[in-house]
Amino acid sequence: MKFVVAIIQPDRLHDVLDELENRDIHLVTVTQVLGRGRQKGVSQVYRSHVETGNLLRKIKIEVAITDDFLPNVLEALKVGAQTSNIGDGKIFVFELDQCIRIRTGEEGPMAIGS
Amino acid sequence: MFSALFRSFQKSLFFFMFLFSSAHFLWADTINAGDTAWVMISTALVFIMIPGLGFFYGGLVRKKNFLSILMQCFMALGFMSLQWACLGYSLSFGTDIAGFIGGLDFLFLKNVDSLALPSTGIPHNLFMAFQGMFAIITPAIIIGAFAERIKFLSFCLFSLIWGTLVYDSLAHWVWGGGFLHKMGTLDFAGGTVVHINAGIAALILTIMIGKRKGYPKHISSPHNLPFAVLGAALLWFGWFGFNAGSALAANGIASNAFVTTQIAAATSGCIWALIEWIRDKHPTMLGSITGAVAGLAAITPAAGFVSPMNAIWIGIGAAIICYIFVTIIKPKLGYDDTLDAFGIHGIGGIWGAIATGLWASTEVNSAGANGFFYGNPELLWIQFKATAVTILYIVPVTWIIAKLIDKTVGLRTSESSERIGLDLSEHRETAYTTLD
Amino acid sequence: MFSALFRSFQKSLFFFMFLFSSAHFLWADTINAGDTAWVMISTALVFIMIPGLGFFYGGLVRKKNFLSILMQCFMALGFMSLQWACLGYSLSFGTDIAGFIGGLDFLFLKNVDSLALPSTGIPHNLFMAFQGMFAIITPAIIIGAFAERIKFLSFCLFSLIWGTLVYDSLAHWVWGGGFLHKMGTLDFAGGTVVHINAGIAALILTIMIGKRKGYPKHISSPHNLPFAVLGAALLWFGWFGFNAGSALAANGIASNAFVTTQIAAATSGCIWALIEWIRDKHPTMLGSITGAVAGLAAITPAAGFVSPMNAIWIGIGAAIICYIFVTIIKPKLGYDDTLDAFGIHGIGGIWGAIATGLWASTEVNSAGANGFFYGNPELLWIQFKATAVTILYIVPVTWIIAKLIDKTVGLRTSESSERIGLDLSEHRETAYTTLD
Amino acid sequence: MFSALFRSFQKSLFFFMFLFSSAHFLWADTINAGDTAWVMISTALVFIMIPGLGFFYGGLVRKKNFLSILMQCFMALGFMSLQWACLGYSLSFGTDIAGFIGGLDFLFLKNVDSLALPSTGIPHNLFMAFQGMFAIITPAIIIGAFAERIKFLSFCLFSLIWGTLVYDSLAHWVWGGGFLHKMGTLDFAGGTVVHINAGIAALILTIMIGKRKGYPKHISSPHNLPFAVLGAALLWFGWFGFNAGSALAANGIASNAFVTTQIAAATSGCIWALIEWIRDKHPTMLGSITGAVAGLAAITPAAGFVSPMNAIWIGIGAAIICYIFVTIIKPKLGYDDTLDAFGIHGIGGIWGAIATGLWASTEVNSAGANGFFYGNPELLWIQFKATAVTILYIVPVTWIIAKLIDKTVGLRTSESSERIGLDLSEHRETAYTTLD
Amino acid sequence: MKFVVAIIQPDRLHDVLDELENRDIHLVTVTQVLGRGRQKGVSQVYRSHVETGNLLRKIKIEVAITDDFLPNVLEALKVGAQTSNIGDGKIFVFELDQCIRIRTGEEGPMAIGS
Amino acid sequence: MKFVVAIIQPDRLHDVLDELENRDIHLVTVTQVLGRGRQKGVSQVYRSHVETGNLLRKIKIEVAITDDFLPNVLEALKVGAQTSNIGDGKIFVFELDQCIRIRTGEEGPMAIGS
């Protein structure tokens, strides 16, 4: 099983979710994060105080899947999140050892899907 | 109400005094401390409606555009105050020119002194300040129409020009001795001048500027409803000054306006929630405050002319009509009046103007007139005509102003600005920090 | 204060005027602009206390229940306004029937006109509106008792019925010429009618509805203290209208009430913080605002009868007594009066009623009476009796109303509703969005 | 304004009445309901500025210190009210002793009754309450200087002592019949007494307490600008009472002050945003509200003495001067006046005092004087001298008080307290919960 | 060493923390997240705008432990978080390579525990 | 490739970011979390309600790097975050399977860096 973590632009969230859904991936977890990357943020000025604004709002999406779904997820993320501008984000893929559905106690691939 | 005061003098002798200042002593009314106290606090109450509107609107947009709304309200407060002092007041309340516009006698507040305004007990400059708050809030109401996607510069230009060409004219027509006033239109505190006016302009702008990116599917919920509730509370609070202050005195007409304001808002808020309760099984906070504001808009022209019990009908009407408009008709028509500036203020204001024609009664206010239900269908017709005439004026003029700005500066921000949010792209600020 | 005005007329001639309207000219007081201005703004000030209460309470609950509190406050504003106009005012201030309830002379605001209310300088309908705000805020105070777990429908039903049966009666007894008024009870602005009343009802409801799931161990801290501070600020601000407006005139008695209000609130807020400082080493924001509100509740009945210096004692007493009650006794008793509606308003109100009996002085208000420390122990006894009598009335009637609702609609939401939060389950809304 | 009233009596007969109470009947002015209504509501308006200031300041600090700001404002409200009633009012307005301080005739509000204050139409105790709000807000303004790093205890001690030694003296000098008043200084509503005073004290404290850890590089942006906007809105709203209420009557002078207040704030807010627009390409929300507050501070001494059109110049000056100071000079000097209490109130107040000397006109207020542009350069010199003298007094006294506290209790919290945030370390509370 | 990530219902947090504590697991990190799962959220209506509300508030709990504690953690999570309603959430288990306590510089199992 | 997760004190964030920058590590993701650890929080009192305050605000920093950068990152975290007080936090290191830059589609070490 794989655990995919993607950092994307906040306004791409809806598109990514739609694309995932289209590819039959319904279960995701979303977190609000801040990212520092190549993208330079707007520098904010508050009276005399300048905030360089290099921590930008981003969205983290986490999806646990069985190995065969990996290509689908990656595709969905790319299609949904890509704008070809700096700041589009990254996808990280991890090996997932175990997965348990709390409600039923099911484990492994049984538990992962919807 | 001012219109009513005038009527009682039959001829517009008021403006004479500035031509024949020798006649001044004839009008040497004295300042009444009670009336002055009331109109001063009313002016402050209308003032607080402007940030109130900012919070009402701002709570409903997405986080990333909150400051842009507040900023628009605050800047309107700034430049419209100056426009009013330098030019607007004179255009609205200067010596009538052909029933259409005021003369330049009050330019830069010339002749606007601390002495009693004829036929009232309040200083002239206080009347100017009170009216000034109305001139600020009217363009501010329009903000709801193009929220989340307008260029800040365009907003400023539009408000200034529209405030001068449209608002000042209408204020003159209805309150400054213009032709609508002569026609006998009743508009106690600004149903036509403020709400219909702003509502119609909102509709035009919302159509011209187009839908927000992602509308309607990918638009998030109100980002901070408590702030919207705070805004609604401040609006309601300030509206007591808006309506009861329009009596320009602390008397029975003011108190009647106070009571009708409270009752119409309460009724309309309740009824809106009730409709939701029946239709969707759940009454909502947003529904209640929306209903209350609709009721407040609707009672505005009628406040000093109808009885408290009839305010209930006006409130019920406002809730039902605006509800239908906002939740059923608007989605069908498909335009994106972001915060329902037209649906609430425009529609609510029109209903109020008509309702004044239905329920006005000289028993409530001898300086007013009787309406349809008090044996005078004529008034209904006058109200209807006045509404139609103003709309016929507002539509083309607003359209031209907006189009001109669109063709030069551009009304709408760039797509990337809209995506990032106006707070950052237009003002380089964010409403809330994430960490600290 | 109204009670005091009445006293000065010895016989309740007031209500006669409606029976013998020919006698009207005898009472043809004229409207005083200054008094009217003051009572209008006071009415608006009491209005703003209602959303103020919503923010005060709402900031202290968990995020997921914030809107439910605001909604209850806003809806009370809606339906209680209507109840008051249609029925409540008449029950409270209509012609006295056996000292117990008002007659139906003012049903649907019949006979409530814009002319001066006898023996005052303000329009009758303004008096109605001013009193109406009290009728709204009283049930709203009770919200603190059953916050985070009541069914919205039950809240509405309870408030309407309780407002009619309990509030309207008490208002009549104390202010409308009823038996407590005849007995000589002093209640300047609603210590008994508003605070004891709401506080006792709160206690009953809190016991009947039971503790919140997870109380006391798994209940989170106040979710947004700044909103609670905002609410407290609006409450204090509005309380100037509540207390000083109860003079029904802008005179020395009003200004005395204004000053005592400020001093009692300031003292009580300080002392509460001081107690915490001593006991827990840290004065808290929540403590300060809680203390201030306790002081405001306590000074309410006394405001126009005691001197500013004695307001200090009342403030000190309020802080100490309510502090002990809320932080020591309540946890021992183990019931879950979520936001201490009883601990603050009930206890604070009782202390205020007693304190009025201690420090009232005819030097401050010749229409009042002397209290214990001014050589008249009798008043203390009267105040005590009045408090006891009202509690004896409130307890069973409130209990029956609540029980009836509980047995039919059910007071408490389902466990899953409570878990999800009332905002979503009852109103399908969330106060704040997480992302946008 | 009070100073102006006095002038019209030539000799300070006022204070005589307390010595020769037999002469009382000579002064038996009666209470005017309109004036009383206005000053009561003005007092409430100044009250709401105090929490308003809390939100204005609090929105600009980091989350972890928000409550500490609100708490300081609220506690100042508490203990300064008591200080004022028990001692401060007497020091400020008691019988003049050598032009320097008031006598103890009003200790514990002795002799402060509900009867009309001589030469006004308002009750004496109302005047006391109105002035009391000024005595509270002045130390509260200083909070901006040492925000995010002061010990709560030190804040309390400092405010109490400074309020007594510095504020009460200055209030006496300018308004209580002291030497500055005799010299002919004009300070309508507190430019010198409130703003210069608080601003200079702020500068001293900010230098003595030192920079915040991490300043300027690692300090975050304003954590919640909407709350700061709310605060600014409440400040502006309340300022109508602050300035127009200082007329102590609802008359033409009050209305003039009302209008100049609105115009100066509007202009200054606009101009500040405009400067940013030109310099940084983006007008900001924080800039607009900062500008508005600077304009309000600057118009304060002038409000009842200058014409509305000249208020525009005062507003423009306030924006430009304070902008330069806050964004260019301050960073160069390198001290950490956290929320620019000196840069806005101090500098704005000084500009206002000078500007009064430039534009005051007896046409606006016959009890005032003509300024430089009205042919009387003398006034400018008087204003300048008064400013210099007060600064010469404030600096050493404030320095000594602060130093004493620093050497005993310590002004600054421990480094770990500062790191954790004052809310948790000083008050054991957090403004917002993260989860529930 | 293992790294356990659990997504649970917000109102189960206190119970889960208690259960962990009972099993001698004191160190945890908690994050507020949004989840899309089988559980259908309440659909919210704002005037004419309907929000389908399929992103629901959830709590993410992260616990790093030595391998022998894994069963305890899983049990605690199941006992504390299970309500047997849809939406109870999932448990994900990862292999943890390295763990360092910043304060002391300790590494591995030494660093992980309390 | 490695994926480093660190939980640190909120006020150390700026220093950690500076230290990372100094070591040529520019890309990070930051999340606001709550931590329960050995550090005892300030117990808060709200009227009669005492909140033991054992969930303290912490910051989570995530950095994906190629293996050779690991020592740098660990050093930066230690230098920037260490105050030697309880509550300084932990560093967790994971094996990262795959990394994709959304904008370009680049993969692996190419995608990870700045």
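Every chain is named by a letter (A, B, C, D, E and F) in the order it is written, and numbering of its residues begins at 1.
Quick note on the criterion: contacts are C-beta pairs under 8 Å (C-beta built on N, C-alpha and C of every residue); 3 or more make two chains touch, one makes a residue touch a chain.
Only a predicted model underlies this, so the values are computations on that prediction, with no experimental measurement involved.
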item: Given chain C and chain E, the chains that contact each of them; value: A, B, D, F
item: Chain D reached from chain A - shortest hop count over touching chains; value: 1
item: Same or different residue numbers at the chain E/chain F copy interface, by half rule; value: different
item: Between C-F and A-B, the pair with more C-beta contacts; value: C-F
item: Repeat of interface C-E, chosen from C-F, A-B or A-D - more than half of residue-number contact pairs shared; value: A-B
item: Interchain centroid distance [CA atoms averaged], chain B/chain E, Å; value: 51
item: Between chain D and chain B, distance of the C-alpha-averaged centres to the nearest whole Å; value: 34
item: Centre-of-Cα separation between chain F and chain A, whole angstrom; value: 18
item: Junction residues of chain F - those touching two or more other chains; value: 30-32, 34, 44-46, 55, 94-95
item: Contacts with two or more other chains, residues of chain D listed in rising order; value: 32-35, 37-38, 41, 220-222, 230, 280, 282, 284, 286, 428-430, 434-436
item: Touch-based graph of the chains, sorted into line, ring, star, complete or other; value: complete
item: Residue ranges of chain F in contact with chain A within the complex; value: 3, 17, 26-31, 64, 94-103, 105, 111-112, 114
item: Of all residues in chain D, those that touch chain F in their complex; value: 214, 217-218, 419-420, 424-425, 428-430, 434-435
item: Residues of chain D touching chain A in the complex; value: 60, 216, 219-222, 276, 280, 282, 284, 286-287, 290, 326-328, 330-331, 340
item: Sites on chain F touched by chain E in the complex; value: 2, 6-8, 31-38, 55, 58, 60, 74, 77-78, 81-95
item: List of chain B residues in touch with chain D within their complex; value: 31-38, 40-41, 43-44, 47-48, 51, 54-55, 58, 66-67, 70-71, 74-75, 77-79, 81-82, 85, 108-109, 112-115, 122-123, 125-126, 128-129, 132, 152, 227, 230, 426-433, 435-436
